[in-house]
Amino acid sequence: MKKLTNKAVLFAILGLVVVYGIVTILHQNHILNDYIMRIIILMMINAILAVSLNLINGFTGLFSVGHAGFMITGGYVAGFITTLVFKVTAETPYYQALPMFVIAILAAGAVSALVGFLIGLPVLRLSDDYLAIVTIGFGEIIRVIFNFISFKVDKGGWVQDVGGPRGLSGIPLLSNFTLVMIVFVLTIIIIRNFIYSRHGRACIAIRENEVAAHLMGINITKYKVMAFVLGSTFAGVAGALLAHIIQMLHPTMGGFMKSVEYLIMVYLGGMGSISGSVIAAFGLTAVSEFLRPIGELRMVLYGVLLIILMLKMPAGLMGRKEFPFLVPLKERQIHAKN
Amino acid sequence: EKKDGDSAAPAPTEVRIGIVAPITGDAATFGISTRNGAQLYFDQVNAAGGINGMTIRTFVEDDKGDPAEGANAWSKLIDQDKVVTIVGTVMSKVSLAGAPISQNKGIPMISPTSTNPAVTLVGDYVFRACFIDPFQGLVAAKYATQTMNVRRAAVLYDAGNDYTKGLAEVFRDEFIKMGGEIVAFESYATGTSDFNAQLVKINAVAPDVLFLPNYYNDVGLIAKQARAMGISAQFLGGDGWDSPDLFTIGGTAIEGGIFSNHFTAESTLPAAQAFVRDYEARYGQKPDALAALAYEAAMIVVDSIRRAGSIDPTAIRDAMATTNMETITGRITFDASRNPIKGAVLLEVRNGAAVYKATVNP
Amino acid sequence: MEVFLSQFIFGIQRGTIYALIALGYTMVYGVVRLINFAYGEVFMLGALFSFFIIQLMPLPPVLNVIVALLVPMALCAILGLAMDTVAYKPLRAKPRLAALITAIGVSFFLSNLVSYIGPDSVRTVSVLLFATAGLVILMTLSQKLFNFPKVPKSTGINWLKRSIMVGSLCLLGAVAWIAKPALALLRWKGSSFTAFPVDKLFEVVKYPIFGSVYITNVQIVIIIVAVVLMVALSFLVNRTMLGMAMRASKNNKEAVSLMGINVNSVIAFTFIIGTALAGAAGVLSAITYPRITAFMGIQPGLKAFIAAVLGGIGSIEGAMVGGIIMGLAEQFAIGLAPSSFGAAHIDFTPLAEGISFAILIVVLLLRPQGIFGEPPQDKV
Amino acid sequence: MMLEIKDLFISYGAIRAVKGISFTVEKGEIITLIGANGAGKTTTLKTISGLLRPESGSIKFKGQEISNTAPHKIVELGICQVPEGRGIFTNLTVQENLTLATYTRRKQKEELKKDFERVYHIFPRLFERRRQPAATLSGGEQQMLAVGRSLMTDGELLLLDEPSMGLAPVLVDEIFRVIKEINTMGTTILLVEQNAYKALEIANRAYVLETGHVAVSGFAADLKDDEIVKKAYLGG
Amino acid sequence: MLKIDHLTHYFGGLKAVEDFSIDIQPRQMIGLIGPNGAGKTTIFNLITGVYKPTQGHVYFDGEDLTGFKPWRITQHGIVRTFQNIRLFSTMSVIENIMVAHHFRMKAGLLASILRLPSFIKEERETREMAAKLADIFGLSDVLETPAGSLPYGRQRRVEIVRALVTEPKLLLLDEPAAGMNPKEALELLALIKKIAEDFKLTILLIEHQMPVVMGVAERIHVLDFGRTIAVGTPKEIQNHPKVIEAYLGEGAKL
């Protein structure tokens, strides 16, 4: 029963339950208003995106700059399913909508995974900047395609243009705190467990030295594609969640500058640190939101902040360190030493 | 949620109003005009004693032209700042992210410039101050076929922008319906500054009219490149043209271009004249269409609150739905879908200025 | 035929602009391997500086062209040096991607600052600059007074550096304070789109070639400038001692310093040249497409990156060829895309935007090191 | 006194690699540092040439303190180094590699010519391959290039870090012959070697390093026959 | 066991390896020497699938492995170390070793993500096995140290351990003693002999330190300019005039 001695995990679970309870109670008592709740939800969604991108860029050492493309792919798929297939609206009771939403989320993950697979297979043999360019290219192609596809939908007598630059609107509000938190925690657990398994080790080995990994019997193509597909899957899931909180999707949300935002989160948090990605995603989402009062100077300051942070901590906020509960017991001593 | 103590409190002394616009990012030009226009009117009202003794307090939020940011702005204004009405925002895609929140929370909103018909369809708390695509497209098509009496038209629009795409498609459909022929229907990607590829294609089919449903900065460049290439077609366009920068960017190339607009600086309406004067005095430049529409939206909001006689959002909404007032563009009312019923003017570019040509009523 | 020729000429024009931007990009990129996100902003500032100069100095046309090109180049070079010193140099020995993030930071900072600065807001900026200077003084004093342990040994140099920093901050602050009327006079409105006054530089002249096909003097100038720059850069990189040092720095920085060469100077020089070129590209691009805004650099920056990679990282000829290929590909993709197709009037032109990316991907898949790039030398 | 090292401490972050080394190099000598893996030899050389900063201690070159001087300045002063792993510029040709080493003294045309002649005289192989990219050279040729390049910087003191590593026996002999030759031509040499036999054969004096300390020092000839040294490093 | 048939490889115009043949029986230890640039490493690269030969074939246990991807060749039981050390430098020593055991492990993706008991058990066993092997090579004190910060010599040892956990039949060692002093080299020699015995390995060894090669190899192949110039026992090779001229040098004493 060695497993039970992993106290950090127990504390983490306890902490999670307490945080969930406190936030829920505070929200019900209007101490945390809907706006704050929305920001918290967005923080978690961004964290899913950052962590999943970290799996690709940080742990496997690839250089993908097209994450937003997978994100909106998932968003569109899920939005399409709930809005146009199941025709969920603001009036649909939540208990009815929820199963449909879950289906939509799963479908979003699956389609993004498929797209990730189709893109990953040919391009992952390129390395660093060349891979970056190609992923930018694919990200933009995804955006261009969503910008191109538009059709008409009969909305109770009113024929409405859907897709294209008009985006997909009328998506029901289904992403709530509980659901997003569950997905967020699951994502962290899955990615953490993946990394601390022989599969994750293979990915890290590829990052460290591709040739050596290859010659130690690791099928590098398989693992690169695996990391890429896993990352895209979670990006798709995050996209589904995002679509159902913004209630609107637009091709520009999958563009290059959006991908760059997620990239910033990964590198600011620390390449190869789940904890770092979560902190950076939470931090940046909150900071850019709470810098609102300074108006037009917001982005100017944001730029300065990035420069200062990176100069002070070139390896990112966490470097490669992790919170103890994100490291299985055996591996923990290693991290303690580094 | 809005219950906590509100009813017991003494009569409110301020009206909280939100303004949302893309103040930073690459649509900042439009956002700042919008904010300036709305802010100007609210400040004027305050200077004149406020609304029923209450002063207006504005909360300005930036949406960066991004739906997610826009939704956050809406949520902040409603949940945190407790505004009773929102003026915003410029881009339809962002308004579409804000509208469900307004609808859900019962806080009326009026977008100055979002032309996508879907925006107001979100619900009965969502209004707009501009005409929607079908009307302007119709005006241009009518002018081309009936006044100019030509049959061959080409269109060049921004494919990444729902406003220009919508307008382009309506123009195309109406023009064909009126017996014309669309000889070229070309688009470009947002942010392009080289339009030669499309223009070469257009030049090859020699249209009589080139419809440019784009914003002024693109129109200026397109006009330059088109004329340089020897395209002699008449340029037609919509309210996106309305900015003094059209003439500085387009130079002589844009001379003779005709576009529909909400109002004209030559307008004899005292409100319009005062607006142009005040705006220039305060911001050091002539207002563009976005500023004018934001100003107009602000007028509608203040008028609705006055008539509602309260700052209860539902009452304001109800009042807004029955708007019937003189604005800087003339009399304005809303149809059942909360789109304004108002006339358009046709303007012609002459000597680096937009000159009044005709009025078109719906 | 005429259409094809026209498209070809305009494609070359488009591609030459891309190539111009990519030339400077690939220089820096080749040596430091830094994806300089802020490159597009330098490009934008080149155009902007040129705009100011033209508005300020009504010189005779020929002189005007030269001044309006050279002064922005010099200013951009100074800016490039400053960027390198502040944001990139401290990270030189650090993971390559750390500098990528500071570069993004610089990019956000510059574009949004330019967008912000207008007659209304410039004094706020001035106050901010003074406040920063004050903060630096305060921090230094408090370090001195309370004797924080972190004060480095070589205080002399540190004092000098800080004094220069405070001095330049105050100077900039003062400039910003008095710039308000100047900005108004210049008709610079910050966030707005501004026309670039080409007509004050020279008149556009068309030379007919064949039927309706023509070529303009602007096109000729940019092509000549691009070719001259390419040849000059090629010479610099391949034939001079400095160029040798640049190429060596890309290979092994530590060993370069063991040759008695100051690597940082070599890199700083690379930045100076690269940013000066970006400035020049900004001016020439503004002459070709006379519209400037604070955010006009983002797309060209991305395109330059793509052209540089397409041509092969660090290859001067590659940047040129990569730029031209992209220009032609885009031009013909748009030119050939059916618009208003069939009864439903489907417009395929928006897909053309994706086609240039698709071509890029295909080229890279066939030749992973780019057209002129050297294959990676990872000898096992 | 050409080089004087006193109480040198050097750390990589928290790991202290060199713990108080002192030694001297006189003009015209060949001094060798030998010692087990990880003893801190490379670390010491890198610090002398300015690539690493010492934690404490002093490094004096011809009486001048250089422990806080930038690497390129140190080269100008007259110290040149052949780093571990050669550090040649693989994307430059052989000739370019050599030329680049003369960066700091571009003006002295005739002298340069003489230097090229000298290097090509010592390494005729390099002359044959002067137009070839250095990447295509074999290991031994690369090592020759690295040594040749350091000669071009015209230093008075040459630091060599394991010049014989990975070389075929013929070439090992060759390299040591060249080192001796360079030395007799007037260059002082500080040699780090694993091949302790050979190093002790050509050196005047030697220092044996052990986990960051100087364990033994003395005349090379004496150390070669020292039983302890033999046992610990020569395997005999 | 390993049979190489007329192997030839060109780099552009350069003939790096020309018509190389070798036949190695199980449990043999063969040396491969030759001047720098003779093509020795290239032969390793051809055997392990890093390069595809221009001509010729590589057979292993009767199976034609020519053109296989490196990871598949490793899985067939051929593993190597590198001339320029290639460790996973920021990973700890034990992780470096565990990575190499990757394809011998069975835990599937799902089992790993769910951390099923089978997964935990396998993980623990691998870790213990890796630690035990590291101990044999005197690496116990640095198990948790990032491999990249070890001194050269110990890094070489990590490389060898890492190669061993793939459970190979044939071990290719590319200059394992480079950067070691004579004493360390001799210790390594003893170690190689011991593991060859314990793990029943066949070994092909490239080495420039003659005492090492002569001490282990029962047969030595000598290459020059890609061609085999001599094959024989250490004794024969030492006195082979061609070898002395091209490789050992006149003054070669052992």
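As written, the chains take the letters A, B, C, D and E, and residue 1 is the first residue of each chain.
Assume a contact is a pair of C-beta atoms (placed from the backbone, for glycine too) under 8 Å apart; a residue touches a chain by one contact, two chains touch by 3 or more.
Note that the structure is a prediction, hence the values are computed from the model and not measured.
*Asks:* State the pair with the higher C-beta contact count; candidates are D-E and A-C.
*Replies:* A-C
*Asks:* Sort the other chains by how far their Cα centres are from that of chain E and give me the top one.
*Replies:* Centroid comparison gives B as the farthest chain from chain E.
*Asks:* With chain centres defined as C-alpha means, what is the inter-centre distance between chain B and chain D in Å?
*Replies:* Averaging C-alpha atoms per chain gives centres 74 Å apart.
*Asks:* Any idea how many Å lie between the Cα centroids of chain C and chain E?
*Replies:* Going by mean C-alpha positions, chain C sits 49 Å from chain E.
*Asks:* Between chain A and chain B, tell me the centre distance in angstrom, where each centre is the average of that chain's C-alpha atoms.
*Replies:* Taking the mean C-alpha position of each chain, the two centres sit 35 Å apart.
*Asks:* Calculate how many whole Å lie between the centre of chain B and the centre of chain E, each centre taken as the average of the chain's C-alpha atoms.
*Replies:* About 73 Å separates the centre of chain B from that of chain E.
*Asks:* Spell out, as numbers or ranges, the residues of chain B touching 2 or more other chains.
*Replies:* In chain B, the residues touching two or more other chains are 24-25, 28, 32, 159-160.
*Asks:* What residues in chain C touch two or more of the other chains?
*Replies:* 112, 115, 191, 298, 350, 353, 379-380
*Asks:* Can you list the chain A residues in contact with two or more other chains?
*Replies:* Chain A, residues with two or more chain partners: 147-148, 211, 296, 298-299.
*Asks:* Once bound in the complex, which stretches of chain B touch chain C?
*Replies:* Against chain C, the touching part of chain B is residues 24-26, 28-29, 31-32, 159-160, 169, 172, 182, 184-189, 191, 193-194, 196-198, 200-201, 203-204, 216-217, 220-221, 224, 228-230, 245, 248-249, 251, 283-285.
*Asks:* Chain A touches which residues of chain C in the complex?
*Replies:* Chain C residues touching chain A: 33, 35, 86-87, 90-91, 94-95, 97-102, 104-113, 115-116, 121, 124, 191, 298, 302, 305-306, 309-310, 313, 348, 350-351, 353-354, 357-358, 360-361, 364-365, 368-370, 376, 378, 380.
*Asks:* Which residues, counting only chain B, touch chain A once they are in their complex?
*Replies:* By the definition above, chain B touches chain A via 1, 4, 23-25, 28, 32, 60-62, 64-68, 71-73, 75-76, 78-80, 92-93, 96-97, 100-101, 103-105, 116-118, 121-122, 159-162, 165-166.
*Asks:* Considering the complex alone, what residue numbers of chain A touch chain C?
*Replies:* Within the complex, chain A contacts chain C at residues 122-123, 125-127, 129-130, 132-134, 136-138, 140-141, 144-145, 147-148, 211, 256-257, 260, 264, 267-268, 271, 296-300, 302-307, 310-311, 314-316.
*Asks:* Going by the contact rule at the top, pick out the chain C residues touching chain D in the complex.
*Replies:* 154, 241, 244-245, 247-248, 250-252, 254-263, 374, 377, 379
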